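Chains here go by letter, A, B, C, D and E, matching the order in which they are written, and residues are numbered from 1 within each.
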């Protein structure tokens, strides 16, 4: 293809590694056929992966922009594209285009602040990129708290990385929780929103939320309850994108296009939008 | 054999109990018919959805034939009676749209009629070949 | 000119609303112009008085709305059905698509509805007002000082020109006089096409169907198309498509749609009425109806509730698919 | 997408002779999903099967394509192989490259090309296969036999003999059916009662058999192995368990002028009656339409004379619910009504009778105690005319009679004629026939004896008119062989009336969702191969309800039906064919198209609650397929406009994938 | 300004067609008009407008984006586009010309849609002033002057003549090529023609329709209006309004497996379709009311909010004429907007 930078025309990507994270989530490592990273991105941005004949789907880039070698995508099995990807083996080519969306304001708003990341289930995937970015530039930020919950221990994404790397970082506090008690789990048990309230964070920090809609709603309420200002809370809505370029007409919430104006929204901005998400 | 001789592509839906067995019998008896005929096994001729037929034409088939048990002999008692009505209606509609009626056919071939199977396929292949390529129900995207 | 007046309908509907027989009324709502009426649910007598309209352009067949609207009402919904609509009504009941107990049907007589595109073909654009005047229709336009008087019969919708029945096959109450099933000439056009050569037929349909923009209006308006999920919208069906990429897909859609409603289609004509491209889609459905009548004996879908459609039925003596063409030739 | 292994069989030179098997296995390697492809001399051999098993393990295969002979030959083999390798057996697809390729094409190039395409189609299909698990359902180890004639009796005895419980439902007060009314049986001329009544007694005494006489089936629910049947026991106003059948009540009953149906109305019975001496159960029954006590409360004689105190005028119809694993229909036949055959003067003259009436007339237990007399005057008839095919083989008179041959008339007429001549050599006996059909063991010999030894006058031709004149019946007939008109003054005319299924069969068929032909005979599952089974699983056919039959045929079919029932009841669980239809309730409209075309009545509907997009709920009617009943023909899948109905193993997507692969 | 006699119009067409494909409204056998390629003998339609808008020329109902060839685990992307020919669209009404501006703001904003852009680059638009607007016309509501259509070349038709004025370089270049067939003239006749049109415009039934109640920033005010329920109640959820609309631009990207590769194509989609917004997370516009509201909110609020107050409707009246149940933007504007006056 002559002009590879055209909006809707993807590049070829090669899956070089498939990691099984949870029973229904796998993490795929993708590079170009010549072994490079397909494009640069910022934390919170997305890429359109596709399988010819199956379709296109948008995924948040899970790996940190600071990783110069490859991109990673943590993908939950939930549709035809993801089903297909879950069967793919290393060496399989797919197509990739992007990056799409506005990233998290890691270099301005976040700079110098204490950060609180709250994720539920596969919602950690988009945050992993920011968390690792912030860990990479550790000195630019204050204290980092990470609250992460899932249905069970087996459903916790990146568990190894969380335990082995994140928890051991200085100034990074990881708070894990699972919905129901489980053998072999001596950590916290309970839903994320409640856990956040229990933990009772100090409110002069930036909070970033991602997870199922119901979790976001209750966690946001919880944060407000403990005194957070919505202007300091961010979330991401990437799951509703289709074309990625702000033209196909689907992803708008009110006048905002998730793929162009988002997927990262500040919660006060989100509140301004009609309740259609 | 000439190099550029036009070879029609024929899809034959055969019911498992009669016609598919009839085709097997034709094989047992080494009764030749054109290799252009490709058989798809279905439990009963009544399993053949008009969509399958149109799909075959879309993908480049030049003729579609449906073979089932003789009326009254259906393994499932009444399947081929439904086939008979459905296909009568469908074929008539295709004809109404100006699509060559000779490209579609229903034949009843029993498990004992190997010779009839071969003869039917020979005849159908000849008919379809004489019509030439299917132009009226083609999807250009699927052309080679 | 309709024999029944708007005021009669409003008063009947108001009566049924007021005495609690029904809790809402599915009727025609006034539009911007005299011809653009919109199916509307009226909940109060006041709404009826303000917004209800009945004129020569009330063509919409309400039967299909009952699938979604009947269940939503607490009580019964009043629906006004023209004779042709009652066939669709029965067919939907046959297919168990709504609860008969939730509906109160008032049958209304119909003298045939007008087709605004036929009016425009005669009077041109710029229609400001249309009014009935006996057998005539007076049309006031932007470009003519005096109203243009046209014969109502000249602008009858195609389906009304070939009206098959003025008899209501279902109702709880009938306004006006009951009509009769009519010996119509509705199959003449099909027969004319059948008499053409295959090439001519192909050219005819190629031309007609090439205009299709796959807006799905025909399907979405069709009272026989009430599938929860249409195969053409279902990515798993293998035939889903959103726009006809080529002439094959145009044909595929219309053949399969006509096939799916074959034996269930009451020939209400909604498909052709709503087609923005004026494709004579009813000629596809009528072909199936004509064939079914000829092959398996006369059958009118919706004539009674509970009839078994011809394509889900059989006799051991049915004709062979190969024979249909010989018969076609006879008819030619 | 599966991990597919392709195995191309040479079948010695059967395939390899015309197909380049190496090229086929090579070409299929690059098909989507294929991770392994090989070829071997005999795939079906132990070595070949081991090769498949090893490959499944080694390459982690999830799907198998075998390019070999017809699936009708070895599909089962390779399914077992797959199962042995730990795969679901339905993850196997066969590409038939022998019968439908190598054996019918001569040229290697063509054969190879086609074999590759067939292989691709199989790969495309197997990629969409899903593991199928046959459903299991328990079996109620009890059978129901509907009809207590010889068919039902024989079936019940055979089933009971195998140790299973059987219930017989008979709508008359006694079992025995038509055979009990017969005098002698052809071609051996042994007495019907002599061979039937011991069987009736066997039934009565068999611990495994319960008889519901004077009862009807009113409702059938469920499916093979699990039928739920409601039986209505009509009130007979006599306590069955107490009645000794002594007959005192019958004797004393003042209402004696009730036409006796057992003797076809040729004599009378009382209002309380026992149909015949050997009735089983031998219990009295009160005819409520005739009994004075029941009609206006005046009488009560029977109650007074009954020593056992069995009479109960307050008895009500009783409904019994019972579960069965199998149902045998043995509803039998009746002669058709002669009302429409005015030409034979049946309604004008008492001396025009049907053959069944003739049986009663000649029966020692009959109205004339076995003496052949004219019903009108009790005189001995000298000239008797038998008319064959009255209402049978009526091609032109379908509105009066039947188009089919009633099958038994030729033989019983020969029997009647022979017996008449034997007992009363002074009679002149004519038989008018269209054809004489005698295909059966010793049948033709029997017929020839009637003609040759007994001098029965067989005339080929039909009787045109019978006119009663004085005490004679003027018979006008044609003799087609002599080509002349005959005029016979007969004393008795016997009509061989066509037989038709019992009227109760049609509503019963509806309850059972068993199919019937246009003549109301039950349809067999396959006319040749499954003649005693109905297409509806678990419903079996015995006797004349399936078509006209004589006694030996009926008995053999009864036995066959019993053996099928035994085979079914012997199972603890039924394993279904997993390739059954299956409805996606989210897409189903509940329109009933599928149920209309289902030959097995496998589809029912239930109202289900669905969450609507606007967060309300809506109750919708949706189709439910009973996998134990569905046979997997797929008729419903095409009748379904929304595509909600699909067939496992032959799914829409699978067939379309095959089409695509073939047309690629 | 240049003019030519209508008798010579076919010569003009022939001249244009020498260098470019020429498309113009042509009568169809069903009584409507559609854009068709001009060939010798093709007659220009007298109809006010076509059923399908000319957006098709730049944003076709379906267009192939690329093709994929797969082999084992490998994928090859094949550009299937052929070189675009220059083309001319003749007789575009003022409303439809305006619709191109509206589409431009979507497709030419970053990231630019190269498929649209290259079609736009190759197309020349010859607009045509209206002479007999219909009762369904309400372009004035959106400040469109049917007497002054824009486009590369504007044209006015009188009884016997046609007048041309170039507005862009592309237009001027094309007009130059027609110089031998046209003559220079003053604008008197055109002015007269414009006055005639304006006089008619004042008589149109929808002349008073205003956008006052709409525009950017009105989301919260209008989104929860109770009228949406009633307005959307009869909507069938078909795509007629969106497919005849000159400004609707929603699309879907789909793959079609031809058997010899996968074609990825783009096709029109409609926000009225029930599964339009069905994506990974589910469907966020589950009811027809939500979908119906989206279409009108987009045209009247969201689009203007993102595009300097420009509404995404041109008042062409197609949806008024074609909606199967006669529900349309005018009824919506009157109902939703009307209550503000009360």
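The criterion applied here is as follows: a contact is a pair of C-beta atoms (placed from the backbone, for glycine too) under 8 Å apart; a residue touches a chain by one contact, two chains touch by 3 or more.
This structure is a prediction, so every number in the text was calculated from the model and none was measured.
Give me the set of chains touching chain C intersected with the set touching chain E.
Touching chain C and chain E alike, sorted by label: B, D.
Among the chains, which is located farthest from chain B on the basis of C-alpha centroids?
Farthest chain from chain B, going by C-alpha centroids: A.
From the C-alpha centre of chain A to that of chain B, how far is it in Å?
So the centroids are 53 Å from each other.
Taking each chain's centre as the mean of its CA atoms, how far is chain C from chain D in angstrom?
46
In whole angstrom, how far does the Cα centroid of chain B sit from the Cα centroid of chain D?
34
Could you grab the centroid distance between chain D and chain E? Build each centroid from C-alpha atoms only and quote it in angstrom.
Result: the chain centres lie 68 Å from each other.
In chain D, which residues are in touch with two or more of the other chains?
Residue numbers touching two or more other chains: 597, 639, 652, 656, 660, 663-664.
Taking each residue of chain B in turn, which ones touch at least two of the other chains?
Residues 50-51, 55, 59-60, 72, 78, 82, 86, 139, 141-142.
Please give all chain pairs that are in touch with each other.
A-E, B-C, B-D, B-E, C-D, C-E, D-E
Given the complex with chain C, which residues does chain D contribute to the contact?
517-518, 586-593, 596-597, 605, 616, 618-621, 639, 641-644, 652-653, 656
How about chain B: which of its residues touch chain C in the complex?
Result: residues 50-51, 54-55, 57-58, 71-72, 78, 81-82, 84-101, 104-106, 136-141 of chain B touch chain C.
Along chain E, where are the residues that touch chain B in the complex?
It comes out as residues 256, 258-260, 263.
Spell out the part of chain D that touches chain E in their complex, as residue ranges.
30, 32, 613-614, 660, 663-664
Under the stated contact criterion, what part of chain C meets chain B in this complex?
It comes out as residues 190, 193-194, 198-206, 231, 237-239, 245-246, 248-249, 251-252, 255-256, 258-259, 262, 284, 287-288, 291-292, 295-296, 310-316, 318-325, 328.
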